[in-house]
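What follows is a group of structures, each given as structure tokens.
Each of the two complexes below includes chain A, the first together with chain B, the second together with chain C.
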Partner chain A sequence: MTDIGIALPKGVSPDSSPASSRVRHMLGRIEYEGYLAGVIVVMAIVLTFTVGSAFWGSTNLSGLLLDVAIDTVPAIGMTLVIVTGGIDVSIGSLVGVVAVVIGLSFEAHLPFVLVLLIGIVVGIGGGLVNGAIVAWGRVPPIIVTLGTLSVFEAITYQLLGGVWISTIPAELTQIVVLDRLGPVPYSFIVAVALVAVFSYIMARRPIGLKIYATGDNPEAARTAGLPIRRIQLFVYALLGGLTAIAALMTVGQSPLVMPTTGQDFELTVIAAAVVGGTNILGGEGKVIGGLLGALLVEMVEDAAILYHVNSFYQQIVLGAMIVAGVAIGVARRRARLGAKAER
Partner chain B sequence: MSAAPIAPGRAAAGPAPGGSRAVGALSRLLESRVVVQYGLLPVALVGVLIAGEVLAPGVLSPSNLSSMTRFGVEIGILGFAEMVVIIMGGGGIDLSVASTAATTQVALAVLLRGGVELWLGVAISLAIGLALGALNGFFVIGLGVPALVATIGTYFGYAGLALVIANGVNIADFPASYLTIGQGDVAGIPIEFLFIFIPVAIVLAYVTSRTKFGHEIRLTGTNERAALLSGINVRRLRFSGYVIAGLLAAIVGVVESSRFGTAQPVADSTYLLTAVTIAVLGGVDIFGGEGTILGVALATAVVTILEYSFSLAQINSVIELGSVGVMLIVVVLGQVGLKSLRAYAARRSSA
Partner chain C sequence: MAAEGHRGEGGELTARPGADETGTRPPGGGGTAGGVGAPFARLVGVSKSFGSTRALSDVDVTFARGRVHAIAGENGAGKSTLIKILMGVLQPDHGRIEVDGSPTAIASPAAARALGFAAVFQEPLVYPHLGVLENIFVAGPERSRLGDLDRPAMRRRAAALFEQLEVDTALLDRRMGELRLGHQQLVLIAKALIEDAKLIIFDEPTSILSGAETAQLFRVIQRLRSGGSAIVYISHRFEELEAIADSVTVLTDGRVAGAFEARPFDLDAIVRLMSGRETRGYGAAPAAHRAGTTGPPLLEVEGFTLRPYFEDVSWRVSRGEVLCFYGQVGAGRTEMAKALFGDLRPTAGTVRMEGKPLAARSPRQAIRAGVGYLPEDRKAEGIFATQAISENIVATVLGRIVARLARYVRRSEVRNLTDSQREALQIKMAGPSAPISSLSGGGQQKVILGRWMVERLKLLVLDEPTRGIDVMTKAQFHEIIRQLAEEGLAVVVISSDLPEVFEVADRILVMRRGRIVAEFANDGTAPPEEVLRQAVALDQADAGARGASANGNGTIVDVGGVSVLVPSGDPEEKEVTGQ
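And then the complex of A and B:
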């Protein structure tokens, strides 16, 4: 980004200075995140009293936290994409592409670190394709990513050639799953660190403000001279890269690359982001919400297993959580707009 | 089959005498009905016919064409469903149709297994489709949840519902009379094409182009404010779009289970992409306002020929779906491109 100052051009938020708009963003969300954290704590307490040892056992806990990490990393990118007013339903099949490419690279005995880098580059590449078509083609993001979803799937299938790849080095599983601090896998720590970094960027860095401005009022942002297209390209590419990290973790978690690897993953990530309070209408959402949303979604799933609930009901609950999460976001925005109108 | 398109502002864009002749001609071409309504459809049709003959010589034989119509019925009707919700604008789309179809077909199977009369079972499962569509409408219109996310949520929800109803397994004990719908034919023409697809298409074509309702949905999709000002109940109209989409998805569920002789609780994940592609290829403007049933029906033919050729040439369905995905992006890019070209030509010729 070329400019150094963080001041938003006039017209982006006509009724408030940039600083106060940022504060409003932060204050406006604290309530919701607090509420979400409360729900998570309550759930944890209920689980403690009902199936305590099964829940807090280190196998269950570290498995849960790894799942949360795998959802959270791309949920950061998804949050940013949704904040700009976009969406990406292709990341599940992008996980497939990355998984196959790293699987093939491992088969070719490329150096370990190089393979990881290749995976991330492929992920960023997939994100760039989405971002470029959204930004320059002016095609609605749902259409673009619905299309690339099937294209990525075809690529995965073509590269895989109908067989499974199982020659994943144990090293990857070691790093992703087995290396832990107590019951907490390093993967989870990485996810939390990424959340911290991007929370800082979104709250304090110019690019963060630009991303919020893009989604808040695209017309105003364009008029004010923000490079909307480059911002869109950036968030989709970032999401692609973060998706690749999730793919690395997925392959480490279950060292087998299949045509179905990553299938429906996008829905969990979108659920994490919107349950985390990111407003699907664009312009607001916090990275930490993605973490909390992922925690809630995975805890519900874990609870369903611990309570031996039929897995069919999980889907219904997940669907309900998505609709409820967004409905709350919309209602909150309406309430705020109403309050503003009264003033 | 189609009424005059309602497109405010376009009438003013006629070529002015001062404009250059080439730009005027370009402008006229872009204004012409065929280009406006059907966009890239003719190009796609010719392309697919050639590709079909190359991939699978003889793909267009009468017997193949007859069995193709069978495969086109389900995706075509889902294309109509997407058309109805997309055309009303406001970001309308229904991503839950495949799950709705899954839910209605397993509900039907369970009812029939329980000894319910065939006609009653079908009627109930269509009613379930209406109800699921109404629930979508409630989330989108009532709660104000953007259609995109509301229907991702219900895609999940209805998929779970289908699994719960069927207890997670396929149900196969349908009475023989029921299987005629999806397996029988009259003079070589599949029954579901003749007695379901064609009537549905005719009714929808009439309703969306010749009635007040059709006029109102187009106006709503083109210019919501104008629609509101002219007294149209935009919310109720959009709500009804989701209800119609739910009903159409239920019809697809019934036809599909009859064709396979099995009710499958797992939604066909390819349906959504195919349905949306068919809708936009058929000339439905993704931003609302434009689209005709004839266009969508022709687009159904394009996609069906493509899919059929691919399967005859024994190309994996994943690859086929990938090409449908490419088609979707290219068509919408083309739509957007045509629009800006039209705007450009109009500016030039009126300058």
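And then the complex of A and C:
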């Protein structure tokens, strides 16, 4: 039940509560993430016994972890956006824009690091546009980002001019895909590090508290004088920047920029966030959930491939996971409201 | 209304009308570090309109250090608007605010905080999914040297305040949404006090507090006053004004209609000023009631149980009868009503309606069986917050309006229903299509009552129906309740307001700690003191010994001939523990 992202103050002085309630509290604390981790473990076991060698083979495992990393990084930002009560469906086409821009920059032989920086700046810029319209435009986030989705798509087509870009330096593939610690790509380690940093921010920094408050009760937050607009701007810009990192990884993974690069990516990321326990109604969600959600989503996809399931069904499964994730979140909240009625 | 200028009715007043213009004006420009009674904040010629609604016009009022300033006024008089302007939530259209004698712009809530203003707003503004501690500190958290949230430090500060308010510090570890309303309110009060504010505003803080919690709050307010804080206090309960206020400013239709600077306040004059018309007699003798119950029981409840809220509760109510459940906050009355309404599942007991078993498993089923319930927590349970007023009124009849004749919601019918309720309840609104959130707190309550009045019911359960309702409208509500009964409805009223109980009830059941402990017929033979005593379980000597001071252990105040005890016994703790 204790699934909000802040480290609840119960942990602060456990000695003040009796042992039984401490145990119950610990159980409560791991509840949702615990179940999720359990599901992931069960899936891994099932995969081990059915297609074991294919699953644990280093090619499959590294590929899986890279996919998880690519989803997890923006899922962090998506979690924060959803916690504030927002949503961003434009990030797939933002990946396209970033990919095209860095592709063109590589073509122009700009220095490698500069290209990466340009990519991230473009991502943050796209996020700022979303955030600014949400904060000042009084337009619902889903509408705003549906709009920018089209705009970003148009920009991609325009810049790409109907051709593909294939002059991506091998250097990028090297650091994104090939540099590994055992079977674990550095990209995955970067993703986990980012999860750790943002978990800390959400649990321990004042900004984290304000982000939760903004989504939990916007009216109260406004009355309390919280900088709601700056917070919105921040989370969307952050999501934009993290999306750019995902775009860099995507281009490193498949060094080819096409008009369809990034397409439908937003679905996977939103799935990772809501499956990870972030409530679509705002106010609750954990960054770590984004990682677990990404793991689950990608494992399902991986299993589908290993079992040779038609990709048509993969889409259905992804859709079902989003719906289930949202439904569980809403149901949990309703259950809690019911509990409250039993004051 | 009549009150064109606030000097108009001076002749009838015991106190000086427009006293804000006299005496308390700061001498010259000095007095930044004034002592007790020195003006701290002052509104000068403040006006505020919402579209065509004039919420405030040309309001002058001064708040001085070390004094409790009460503001009284009808629903929609502009009290909350005034508070929101002081707190930087709203900006005035005209006029200015002076703090320590110098004009000050309060551009945002943050600016108000920086000036040392704090408020407990009428609508409980809580973050349900955050911890209680986080709720208190969200706007100004304690930080460690590295800028992290310093929870141990926040905990220490909050715990000290909780002890002052006599709230269990274990609540600090709970999620806000798990707390019952009264405790949420106490947390919000703690939140307002945490900053050592110089001006502290309470907008109807006690409407969801128990008597004991109210007494505790009053003690804290006394302490703040001695500490030199300026306090603004809004309440519809006149006995509270008597107990706590140093002065009363009356707002009528957004204007200052008068001010009273010294106790005892002339309550009749206040009521006259509030309404701008002759009073119908606030606190008049209880209406005459028909003796006994009429006819066979409509609803029979036997052995109804849901621990720990209520246990083995049995009662019956007939058509045309008004049955009141009186008791302390937390006595289990709300939970019992919710179980009846299908919102909670009782573990034992039977309910029969017209002899046939009734086990509503959802509010929908209950409504279909002819049972209506006006909830206590209107913000969370009663309102479709983003919908228009008219839609809120017709929310439950919607099915019927649609079913009849047309497959779309018939606009004209909606309009008729809205208009009739607006008339009957005197709801101040810009128009039926305005959002319900634009209504004053009391106005919202009226809309929800209006919703049940348009529904065709056999039994209507009203949970604290007049909480947050001004005295004039209250009398009107009581009339409506009596009228509904006369039309053949069985009405169950849950109320913690003793004068109200005696005003409307045919029969009174007293609940204490989840059980029915006494029954009285309201035929003039039931002594109010005895009813009260049953509810709080004080023995006679104990009750008699309690003094009439807000600093004592309990306060007995005489309101319109009815004694009201604000006791200070232990509030009954009814919190959900870990699910």
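Please note the rule applied: the second predicted complex is superposed on the first by the 314 of 343 C-alpha atoms of A that agree within 3 Å, B and C clash if a C-alpha of one lies under 4 Å from a C-alpha of the other, contacts with A are read in each partner's own complex, and residues count from 1 in each chain.
Definition applied: contacts are C-beta pairs under 8 Å (C-beta built on N, C-alpha and C of every residue); 3 or more make two chains touch, one makes a residue touch a chain.
Predicted model only: the values in this text are computed from it and were never measured.
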{"item": "Touched partner set for A:Leu149, first chain B, second chain C, both or neither", "value": "first"}
{"item": "Touched partner set for A:Gln253, first chain B, second chain C, both or neither", "value": "neither"}
{"item": "Contacts of A:Tyr212 with chain B and chain C, given as first, second, both or neither", "value": "second"}
{"item": "First (chain B), second (chain C), both or neither touched by A:Asn60", "value": "neither"}
{"item": "Which superposed partner A:Glu284 touches (first chain B, second chain C, both, neither)", "value": "second"}
{"item": "Which of chain B and chain C A:Thr261 touches, first, second, both or neither", "value": "neither"}
{"item": "Touched partner set for A:Val139, first chain B, second chain C, both or neither", "value": "first"}
{"item": "On chain A, positions contacted by chain B and by chain C", "value": "none"}
{"item": "Parts of chain A lying in touch with chain C, wherever the complex brings them together", "value": "1-2, 4, 6, 8-10, 12-13, 16-17, 21, 24-25, 28, 204-206, 208-210, 212-213, 216-217, 219-226, 283-284, 336-337, 339-343"}
{"item": "Complex interface listing, chain C residues touching chain A", "value": "87-89, 108-113, 121, 123, 125-131, 133-134, 137-139, 141, 143, 147-149, 151-152, 155, 170, 172-173, 175, 177-181, 309, 334-335, 338, 343-344, 380-381, 574-576, 578-579"}
{"item": "Interfacial residue positions of chain A with respect to chain B in the complex", "value": "87, 89, 133, 137-140, 142-144, 146-151, 153-158, 259, 267, 270, 274, 280-281, 310, 312-323, 326-327, 330-331, 334"}
{"item": "In the complex, chain B residues that touch chain A", "value": "93, 139, 143-146, 148-150, 152-161, 163-164, 168, 272-273, 276, 280, 286-287, 316, 318-319, 321-326, 328-329, 332-333, 336"}
